[in-house]
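Each of the next two complexes has chain A plus one more chain, namely chain B in the first and chain C in the second.
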Partner chain A sequence: MNALFVLCSPECFLTLSALFLLLWQAIAKPNYKSVGILVLASYLISGVLLLPFVDNQGIYWNGLYVWDKMAVLWKVFFLITGFLVTYLSLESNSLITKGRAEFYTLPLLTTAGMALLASVRDFILLFVGLEIVTVSFYILVAFQKEFPSALEAGVKYLVIGALASSFLVMGIAFVFGITGSTQFDEVARFAQNNPVSTPLVLGLIFVLVGLGFKASAVPFHVWTPDVYQGASTPITSYLAVGSKAAGFVVLLRVLNLPFYDQSFQKHWIPLIVLMALLSVILGNLAAIPQRNIKRMLGYSSISHGGFLLMGLSAHNTIGCAAVIYYFFAYLVAIFAAFLVVILLEKNQPSGISIKDFNGLYQKNGLLAWSMAFAMISLAGLPPLMGFFGKLMVFLAAWESGQHLLVIVGALCAAAGLYYYIGVVRAMFWAEPETVQRIVLSPATKVLLWILSIGSILLGFYAEPVIKLVGAVLS
Partner chain B sequence: MNTSSLLAWVLLLAPLLSAFMIWAFLKPFPFLSQIVSVGACAISFLIAIGVALGSIHEPVTINWIDIGGLTVQLGMVFDSLSKVMLLVVTGVGLMIHIYSMGYMGEDPGRSRFFAELSLFMLSMLGIVVATNFIMMYLFWELVGVSSYLLIGFWFEKPSAANAATKAFLANRIGDFGFLLGIIMFWTFTGSLMFDPSLSSYFKGHPLVTIMALLLFCGCVGKSAQIPLHVWLPDAMEGPTPVSALIHAATMVAAGVYMLCRIFFVLEQSEQALEVIAWTGGITALVAALTATQQDDIKRILAYSTMSQLGYMVMAVGSSATIAAMFHLCTHAFFKALLFLGAGSILHVLHHEQDIWKMGGLWKKMPLTFLTFFIGTCALAGVPGFSGFYSKDTILEMVGEKNKMLFWLGLFTAGLTAFYMTRLFVLTFMGAPKSEVAEHAHESPFVMGLPMVVLSFFALVGGYSVVGIEKALGTTHEAMSQAAKLNVMILSVLVGLTGVGIGAFAYWNKQKEIVIFPLFKNKFYFDELYELTLLKLQQLLAGVFAWLDEWIIGFGIVRGSAFLVSVGGELLRVFQTGNIRSYAFIFGAGAAAILVFFLISS
Partner chain C sequence: MSLFLSQSQPLSEQINTLAFVFQFLAAILVAAGMLGVAALIGQKGRKTKEKDIPYECGKDPIGPQNPRFSVKFYMVAMLFILFDIETIFFFAWAISYQDLLSQGIGALFVILFFLFLLGVGFVYEIQKKSLDWTQRG
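Showing the complex of A and B:
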């Protein structure tokens, strides 16, 4: 473990650059835009610094921290997420009136926490990483404190989040109390050699409850629609992709190492299946009557959490590969959708409802097409990326014998079409109130093109991503 | 990759490139777009000929997805089934591309039209050459998309937009079953290939009937079989060349093609075949009855398409896949021809679609009259025309398996002759019944040429010299010559009766002679669906509005409407009970899970 490696890891680099930028703006008072651009640059540099260490393998600090292909892949995922969130923040700068520089800088710390979570191998480190992410989200959600709705969302997120954290800590305490260790492989070894007692199962369930909050799985989802609607749009997209992925990367680690043993599996598989079932049903059906786009995407995010849990419930390689692929598909679609929402919010800061998409095609074709691709990909229609994600999840779950889950999931996915297509219909076939062309900056145009083409190409030609994921898992 | 392999891929690449180029660059140049699209289709056609002659072979397969246990390949299969289908799709497709140059000549959006047409060609050819379920499903959805786009081509018309949505939804229901069937197939066999030797995995398995029926769902949606047929008549809102190509000749027949491709699955279950045969038979009858009372020329043809597809499905259900494919081919020729004829009439009559406002067109439009006449004869099953041979083959094969279905099919044949005669007499004979019909004139040459070519094939397509049936495989000789002759005599008699009644009843009539409300209103399927769906939707919406209001969303609006200051806000949030109820749900959920686990362990 050399110093260079530590310095170059995204956790360390992003934290340092965040501290530097905070100090710099406190002392030199630069203009907001340059801070934002430096934040973008930090993500890029961090990605470049990752390159020499891609092939590293190892477990460090007495088993606290692991660096493997999966960790690298997730770190890259979080870097992309952070980059796009910052870009979205820059696009929506007219909506954030105070403390813009902090608004750009804070996500650096959140992303650092997420990158740390990609490497956890110990329950204590897991808790620390998760709290870094959650606490910084408390601030980010309530950032527009002149809006009561943002404040309310922040408080709701805080209270429910604290509740979830307490469950998590309790669970970790139970696990530590029985097994005498917080390290993942120690716990796994204990389960192999000793019978699993009730308190240990309690610990497992408490940990899953705590993580269920991050994944916004039913019944731990209640905060999702309100917070998605109340938070500023870049933060909503960050919650939808980054925070959810952080929950799932931890779930992937936890379920595949400390709780991998048969005696554990017979407890957590029914639980995950149950949460998946409830999430896909409630998420898809409750999204149907929604009028506010962010609220609708909140429910849609609950349903996607359900599909992802479906992949986890398969407890096999295809299931894990499906979860990772699904997340990349989700990232592409969600950021395209929220970018469009942000561009529309510029003219209408009070919130965007489905009706505001009426006739978007006439106002700006590129926006309408990007949104349409995002919606179709989220709905899971071929040949876009979302379809392959869903297909793989269904195949994995079916193979592991969860037939009912797959049938319900497919039915709910079909029901979900209703609200996704509703947006497409509004954009292409409804008459707008005013036809006012929307002008896009060149960078935004390029980004929209990349996201749209990416969702088509990586759908049609999914192999590179799937191969990558397969290599990561082997 | 050698040249032959490369050429085979060009079959798909040509329309793909054409669609992409038009969409990306050629939008402002409609004329160039036409040329590119027609050229791409012609290239595909030439390659299809090469494939049929055996000079172009199957290319090496490409591994597309390969992760533990799941392998999907991109490949092409050139067997007798796909060779014939390729020729039909590209041949009819080419004719309709050429025709469209005339028909869409003045439409401002024709670049988009041709791009979408090329997209359709790509996806349709993809279905034909697919070697496995996933590849087929992918292109299957893609034809769905292009059909959706083309139905809604004139999206300014609300009826077109609604029709597009309806088609989309009906197909989704079918495809949902199809996908489940595919997943089930994969679980049985661990493979997704169309490989008859895989049937050993599920031979005699009790679930095979369910799998076969789930796969059949795909065909029910795409080939407009009852109960998912409601979209096809509405799909006539699209431009007429689209109706001819997609909703008559090729795409709707893809369901039948798919059934033939996966027949090795279907034949494992007698019950599934029974269901398939009856679905086809009933669709054929219901559609024909409905067609007898419609007034819109395109809708009559649409119901007739549905009815003929029912024939093909019935044939597959009676294990007569070759007869089904034979009828698919001849039907593609004469139905495309009929639609092009209808399009030619609409083109000069300024889109007047009511047959009661036509009449006397035989003098004004001699070429359309002649070609339409050939199409009508072929569809009505007049001896000597292609439809007669293929329909007879189906009736023979069905008669061997199921006498009831045979009589049903025979009666439908009579109905077909009847309503086509009605259509023909009202449109072309007698005196003009409206102002526009008085001033009709012949369509341009570019539209006439494809009609002539197609009518040639509609005439001779059934002859054994042309050899469509032989190309599809060995012909069945199960029946004795005498029985065959009996079927032939019966069907000729029934056909002539139909023609006779139709001609006698509608010659020089000004309005409908007798109205059957059940047929006129299409057996009330639309009303039924609207009622049940509407009720269901209202119920669901009500339930979720309630949930949203009371459990989930005391939310932003109500929570913050009364708030004055930040401090007040904080207090308020804690005191509305709102967040407490959230925390309560969270805790109750966790508690319920705990109780469950403690009891179970």
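Showing the complex of A and C:
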């Protein structure tokens, strides 16, 4: 592991650029918008620096850190997420207090934490990475402290997040107490050679509770709607994609290495199935009566967590590949939807309702079509990306024998159509109060085009993408 | 008990599990015991209105009972803890420094980087005037 490799890894580069930007804006007090543009640039540079090391393989620092294809894929995912979040923040700058450039620099550190999580191979590093992500989210959620709703969201997220973290640490303590190690390979080796005792299973369950909070799976989802509604919209999109993905990448790592043994699987598969079942049912049914779009997307995010857990419950390579593909579909759709929400809510900090979408097609066609594609992709209609994501997840779960789960999931997905299509109906068939054209900046237009076309193209060419993901996993 | 003790496990494993069960039982017993025994045999004090008000040298208290603190206090406390924790890391490093040096000069750079991180935090803190008591907020 040479110094160049360390410096070029996204974790290190993003941290250094965040430090530099913090110092620069504290001393030189530049225009806060220029800080945001530099943050965008540092995501791009970090992506370029990643290129020479894509083919690297190895486990470093006494088994603490792993660099493999999957880690690289997730790091790229998190870099894209961070880039889009910063772009969304720049779009919604009217809501950010002037002279608060930390709003742009803090996500750099969050993304660095997520990139670290993509290559954990030790429970201690797992905890550190997860805390980097969670603690910076506590600040980001409550950032608009002028609004009581943001403060409420921040406090709720802090209290429940702290509880979840304590569960995670307790679980790690149990695992360490029984196996004598926190390193994933060591734990896996212990499970192969020794019978799995009750405290070890308790440790597994506690770890699942802590990660279930990040993934907003159902018994641990209570914070989701309120926090999604109260946080400023770019941060909501970050929570929906980045934070959820951080939870799932850790679940993928943990369930596929230290807890992969048969004796563990017979304990965690029923739990994951239960969480998935509850998530799809509650998420889809509770989203139907919601009128606030951010709250609705919050419940929808719970249901998507359920579909993703379905992929995990399959406990095979197809399931894991499905989870990764699903996440890319989710990223494209969620960011398109939230970009439209941000452009519409410019003057309404409390978030907009479905009624505000009335007649959007007459105001701006591109916005309406982008939102429509996002909604249809989230609902899982062919031929968009979301459909193939759902299909893959269902196939994987069906093959591993979770028939009931797949049937319930398909029914809930059908129920979910109702609220996604409700938004589309409002945009195309409802009459607006006033027809006032919305003017978009060229960059935003390009981004909306890319997201819409991406969700169609990657849907049509899903097979090569899924094959690529499968190759990465094996 | 049969949930915890299965015949297939070796004896040492069983003892381990038993210790674990005992730890749980002891924790519950101690907590419940302290409250329970105190409630059972402890003398109940007389409860009067005078006893419930805060003690202020014999005079009745005036004004709000829980005054609002300036958020500055918390800010300073937080910053203090941050820079206090730093010492703990330095201790661990200083103790093993001799051993680490035999593996190369890397150990020095690691702590210098850590110091740099703290330095950035410190400069940021000064520049944002977090320690300036006259500043609002």
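By definition in this document, the second predicted complex is superposed on the first by the 468 of 474 C-alpha atoms of A that agree within 3 Å, B and C clash if a C-alpha of one lies under 4 Å from a C-alpha of the other, contacts with A are read in each partner's own complex, and residues count from 1 in each chain.
We take it that a residue touches a chain if its C-beta (ideal position, glycine included) is under 8 Å from a C-beta of that chain, and two chains touch if they have at least 3 such contacts.
All figures in this text were calculated on a predicted structure; none of them were measured in a lab.
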item	value
Partner chain in contact with A:Leu163 - chain B first, chain C second, else both or neither	first
Touch count on chain A, higher of chain B and chain C	B
First, second, both or neither for A:Leu23, with chain B first and chain C second	second
Chain B versus chain C as contact partner of A:Gln229, first or second or both or neither	first
Partner chain in contact with A:Thr198 - chain B first, chain C second, else both or neither	both
Overlap of the chain B and chain C footprints on chain A, listed as residue numbers	198
Residue ranges of chain B in contact with chain A within the complex	63-70, 134, 137-138, 141-142, 145, 152, 155, 158, 161, 165, 168-169, 172-173, 176, 179-180, 183, 186-187, 540-541, 544-545, 547-548, 552-553, 555-556, 559-560, 563, 566, 569-570, 573-574, 579, 582-583, 585-590, 592-594, 597-598, 601
Interface residues, chain A side, partner chain C - complex	19, 22-23, 26-27, 178, 194-195, 197-199
Sites on chain C touched by chain A in the complex	3-4, 8-9, 13, 16-17, 20, 117, 120, 123-124, 127-128
Residue numbers on chain A that touch chain B, as the complex places them	145, 148-149, 151-153, 155-156, 159-160, 163-164, 167, 198, 201-202, 205-206, 209, 213, 218-220, 222-223, 225-226, 229-230, 267, 271, 274, 285-286, 288-290, 316-318, 321, 381-383, 387, 391-392, 394-395, 398-399, 406-407, 410-411, 414, 417, 421, 425, 428-429, 461-463, 466-467, 469-470
